[in-house]
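After this come two complexes, each holding chain A, first together with chain B and then together with chain C.
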Partner chain A sequence: MKELRDLARTLLTDGSVQVVIGWEDGPAGARPAFVTKAEDADRLIFDPRCVHNLAAYLSPRRPHVGRLGKAAVVVKGCDARAVAALLRESQIQREDVVIIGVRCGGVLADPSRRVDLTAENVSERCSGCEAREPGLADHLVGEMPPPPPGERSRETRIEELEAMSAAERSAFWQAEFSRCVRCNACRQVCPLCTCDRCVADKTQPQWIEQSAHERGIFAWQLTRALHHAGRCADCGECARVCPAGIPLGLLNRQAARIVERRFGYRATDDPSIPAPIGAFRSDDGQEFIR
Partner chain B sequence: MTARGLTREGLAGLAAELIGAGIRVVAPARAADGGVDYLEVTRFEECALGAEMPRRSLRSAFQPATEPLFAWNRTGGRLFLTPAEANGPQVVLGARPCDAAGAAILDKVMGWDYRDEFWFARREATTVLTVECAEPGPTCFCEAVGLAPDSDAGSDVLLRDAPGGYRAEAITPKGEAFMEAHARWFGEAPSAASEPARTRQAPLPLDAMRGWLAEHFEDDLWRDVALRCLGCGACTSICPTCHCFDIVDEPEGASAGTRRRNWDTCQAGIFTAHTSGHNPRADQTARCRQRVMHKFLVYPQRFGAVLCTGCGRCARACPAGVLLPEILETIAGRCRQAAPSGDLA
Partner chain C sequence: MGNDKDGAFQPRMVAFVCNWCTYTGADLAGTSRLTMEPNVRIVRLPCSGRIDPLFVLKAFERGVDGVIVSGCHPGDCHYTSGNLHARRRFAVFHDMLDFLGVEPDRLTFSWVSASEGLKWREIVDDAVERVRALGPFSRFDIHSARGKAEFASEPGRQA
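Right, the complex of A and B next:
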C-alpha cells in the first residue's frame, strides 16, 4: 500500500498527472477514488475489496472525469485488458494515461465487506485467473499475493450450458432474462461500451425494441453479447451492477470461448494484438469476408 | 381503526383463498437466481416474508418496467385503436413500509397536472398489506427522512409483529373492507405488538436542506459526488419513488403496433438530449445533481414531501459507492454549520 501511495504522491507532485484514479475506503466499503492532491495520496488502498474496474473512467464518454486532466489509473490484470481494448480501439492514446498495475490475488464479489477471500465469496471470474500481474503497466506495485481460492466453477457452469440442447439453453436464458428491466446499467458501466449513440437507443429506425418484453430483452441482450464477443475484458462489472442479478458474465465468457475456438483469439492486455471484431486477415476462416 | 389478530397459519390460509379466487398476489419471493424480488406468487409457500429486502422496490406493482398503453391496427384505410387490458384485483402481501410509503408519495405527482389513469387503475385495484420491518438493513435511513420501520403510509393494512403471527391494523377504508371480506382468517387482536424496530438515525433537517439546495445549483459538491458515478442508473431502477418513463411506439408489421410506456432514468444522457444535439444535462455532474435536486428540492416544493423513503437500496445498488445517505449527511452538515445551533428541526 505504501508503494502505491508513494508512487501516486510522486506522480501528482512532479506534475506527471493531475489525478490518480484508484480505490479508497468509503463509508460502505471500498470504492473508486479520484486523488488530485499529493497530500491525499494516503487515501488510496488496494485490497480484495477493490473489485471495481477503474478503466471505465478513462472512457471518452466521461468528460466530467477527463476535465480533471491527465490521469493515472490503478489496474488489476483483468482491468488492464479493458485499458488495452480502449487503446486498441483508439478510444484513448497511450501517452494520455499512466497505468499503475497492482498484483492481485483475487477480489471479493461484494466490496462492502472486509473479510478473508474464500471460494464462496471470491468474484466468480477470479478463480483460475491467469492475469494476476498486469502486462500493460508503466509501474507495477505490490507483492504477488497467493492465487485466488476456489475451483473454476464458472467454466464448469459454461460447460454445462454448452452441453445443453439449443432449446434447453434458450429456456435457461429466457428464465434469467425474464428479470431484465432494460435499465441499461450493464451498458453504462461497461468500460468497452464507448459508442456515442448506442444502437439500443436509436428509434429511427428502431433496430432494437426498447421495452422490457421478451423480444426487446432478447434483442438487447444478444446484441450486447455479440458486440462484446472477443472484446470483453471479463471484468464482471455488468453482472455486478445488474439490479436483477442476471449472470451476464456467463454469457460474455461463453462468447469469448467461442471466439477463441473460431479465431484463436483471447482477450489480452497487449493492445498491439488486434481483436477479431476489428481486424481483417486474408487468411480469415470465413469465406464471405475474404 | 380496526385491529385484529392474524396467525401465520391464518395468513397462509388468506393467501391461498386470494390466489384461489384469481386475485393476483404479489409478495417478496425468491427469484430463480436466489435473490428476493416482489413477484407474483401462486402458492403461499413461495412468499419469503421476513427475508432480506427485495432487490427492487414495489414500483413495478403499480408501474411495470414496460406496459402497453394501446395497440393500433390499420385495416382497409381505417385506423383502429385498442386500449390496453384493464387490471384485475391485486393484493400485495408483505410490502415493506418504505415501499408502501413510496407509492403514496407518488400518488401526488401521478394525480397532479393530469390524472395518470394507468397508475391509479393499479393503485385502486390493489390492496397493500404491509409487514412492519423487523430488521432494517445496513444502508436503511427511513427515520432520517421522517418515516419509520412501522410507518403505515401507503398501506391499507399494517401487520405488526406479535406472538405467533401479527397484529393486523386497518389503515384505510379499503383495508377495513378487506379485513371484513376475509374476516374468517382474522381473530382476536393480540393485546400489544412487540416493540417496533428502529434504525436510530437522527432526522435530517429537510427544510434547511431544501433552502441549501435552492441556493447551491452550482457547487463543488456536485462535481465531487459525480466523479465516481458511472451513470448506470441502477439507483433509479430499484428506487420506490423514481417514476420517470418514456413512451415508445413499437410496430409489429407495417400496419399494426403497440404504444408502450417504459421506465426511464435521469442518469442517462439521452434522457435530456435534444434533437438539435444540445443536452442541458451534458454530463454526469449535472445528472447526479438532478437526482438530489428532484428528490429533496423540487418535489417537496411542489408536493410537500421528499421523494425518498430511506430504503437505502440506491446505496446498496451503486457499483461505484455513490451513497445518497452520505450526500444528504454532507448537505445537512453544511446546513448545521450555517445555522445557529438548535435552529434545525
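Right, the complex of A and C next:
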C-alpha cells in the first residue's frame, strides 16, 4: 500500500500526471477515488474490496474525467485487459495514460465488508485467474498475494447448461431474464461500452425494445454479449452491478469460449494482438453454414 | 406462425439474402419454374456483411418461426470480403443463440451462388421442413416479463 501511495505522490508531485484514479475507503466499502493533490495520495488503498474496473473512467464517453488532465490509473490484471482493448480500438492513446499495475489475489463478490477471501465470498471470475499480474503497466506495485480460493465454478455451470436440451436452456434463460428491469447498469459500468449512442437507445428504428419484456430483454442481452465477443476483458463488473443478479458472467464467459474455440483468441492485455471480430481468415470454420 | 386450411401448422419464415448471389439464385429458381415451399419471404440486402444479428432477432420478435441467412460463397463476395467478415459474426451469433436456448434449426445459414437455383430450393424446402417439425416459435409470446402463468392468474385475464 505504501508503495502505491508513494508512487502516486511522486507522479503528482513531478507533474507527470494530474490525477491518479485508484480506490479509497468509503462508507460502503472501497470506492473509486480521483486523487488530484499529492497530499491526498494517502487516501489510496488496494485490498480485495477493490472490485471496480477503473479503466471505465478512461473511456472517451466520460469527458468529465478527461478534463481533470492526464491520468494515471490503477489496474488489476483483468482491468489491464480492458485498457488494452481501449488502446486496440484507438479509444485512448498510450502516451495519454500512465498505467499502475497491482498484483492481485482475487476480489470479493460483495465489496462492502472487509473480510478475508474464501471460496464462498470470492468473485466468481477470480477463481483460476491467469492474469494476476498485469502485463500492460508502466509501474508494477505490491507483493504477489496467494492465488484466489475456489474452483472455476463458471466453467462447470456453462458445461451443465450446454448438456441441457434447448428447451431447458430456454427455460433457464427466460427465468433469469425475467428479472431484468432494463436499467442498463451493465452497460454504464462497462469500460468497453464506448459508443456515443448505444443501439439500445435508438428509437428510429427501435431495434431493441426498451420495456422490460422478454423480447427487449433477450435482444439486449444477446446484443450486449455479441458486441463484446472478442473484446470483453472479463472484469465481471456487469455481473456485479446487476441489481437483478442475472448471471451475465456466464454469457460473457461463453462468448469468450466460443471466440477461443473458433478463432483461437483469448482476452489479453497485449494491445498489439488484433481483436477477432472485425478480422477474418479465409479458412475460418463454417460447419454451421450449409 | 399460422395454420393452413386443414389446420396444420405452417411456419412463417423470412430469408435475409445478399443481392449479388443468393437473391439472383432465388430469382433463377423462379425463372426456372422450380416449385418450392411458399413459406419464405425474402428480404434483399447489398451483402451478407450487411446482415446484422438484430435483423434476425427483430424477425423472431415480430413472429416468424424460422430465418434463413444466405450470401455468396467465400471468395465470391462482390465486395471481396463482406461474407468473410459476416462468417465470423454469424459463427458467434449461431453459438450464442444455441446457448440461450433457441433451437439451431430455426436459423439456417447458407452460401447460395447466382447459378444455384436448385440449391436454393433445397435450402428453402429443408429449412421449412425442420422448422415445421419444431413447431411455432413461442418464446416471445408471453405478454409480460413476469411470465405467462402469473399474467394469466390476474383477475379477468386470459393467457
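The working rule: the second predicted complex is superposed on the first by the 279 of 290 C-alpha atoms of A that agree within 3 Å, B and C clash if a C-alpha of one lies under 4 Å from a C-alpha of the other, contacts with A are read in each partner's own complex, and residues count from 1 in each chain.
Methods note: contacts are C-beta pairs under 8 Å (C-beta built on N, C-alpha and C of every residue); 3 or more make two chains touch, one makes a residue touch a chain.
These numbers were taken from a predicted model, which means no experiment stands behind them.
Asks: Which partner does A:Glu214 contact after superposing on A: first (chain B), second (chain C), both, neither?
Replies: A:Glu214: touches chain C, not chain B.
Asks: In the overlay, answer first, second, both or neither for which of chain B and chain C A:Leu226 touches.
Replies: After superposition on chain A, A:Leu226 lies in contact with chain C alone.
Asks: Quick check on the superposed pair: does A:Leu161 touch chain B, chain C, both, or neither? Answer first, second, both or neither.
Replies: Once the two structures are laid over each other on A, A:Leu161 reaches chain C alone.
Asks: In the superposed arrangement, which partner chain does A:Ala171 touch: chain B (first), chain C (second), both, or neither?
Replies: Touch partner of A:Ala171: chain C, not chain B.
Asks: Looking at the overlay, does A:Val97 come into contact with chain B only (first), chain C only (second), both, or neither?
Replies: After superposing on A, A:Val97 lies clear of both chain B and chain C.
Asks: Considering only the touch criterion stated at the top, classify A:Cys129 as touching first (chain B), second (chain C), both, or neither.
Replies: neither
Asks: Considering only touches as defined above, state whether A:Gly26 meets chain B (first), chain C (second), both or neither.
Replies: first
Asks: Which partner does A:Gly245 reach: the first (chain B), the second (chain C), both, or neither?
Replies: It touches chain B, and chain C stays clear.
Asks: In the superposed view, which residues of chain A touch chain B and also chain C?
Replies: In the superposed arrangement, which is not itself an observed complex, chain A uses residues 209, 212-213 for both chain B and chain C.
Asks: Enumerate the contact residues on chain C facing chain A in the complex.
Replies: Touch list, chain C to chain A: 53-54, 57-58, 61, 74-75, 81, 84-85, 87-104, 108-111, 123, 126, 139-140, 142, 144-147.
Asks: Flag every residue of chain A that touches chain B in the complex, lowest number first.
Replies: On the chain A side, the touching residues are 26-34, 52, 56, 62-65, 68, 111-112, 175-176, 179, 181-185, 188-189, 201, 203, 206, 209-213, 216, 237, 240-241, 243-247.
Asks: Which positions of chain A touch chain C when the two form their complex?
Replies: 161-162, 166-174, 177-178, 180, 199, 207-209, 212-215, 217-219, 221-223, 225-226, 229-230, 251, 254-255, 258-259, 262-263, 276-282, 284-286, 288-290
Asks: In the complex, go through chain B and note every residue touching chain A.
Replies: Residues of chain B touching chain A: 31-35, 37, 55-56, 60, 65-66, 138-139, 223, 226-228, 230-234, 236-238, 246, 248, 250-251, 260, 262-263, 265, 267-268, 270, 282-285, 315-317, 319-321, 323, 326.
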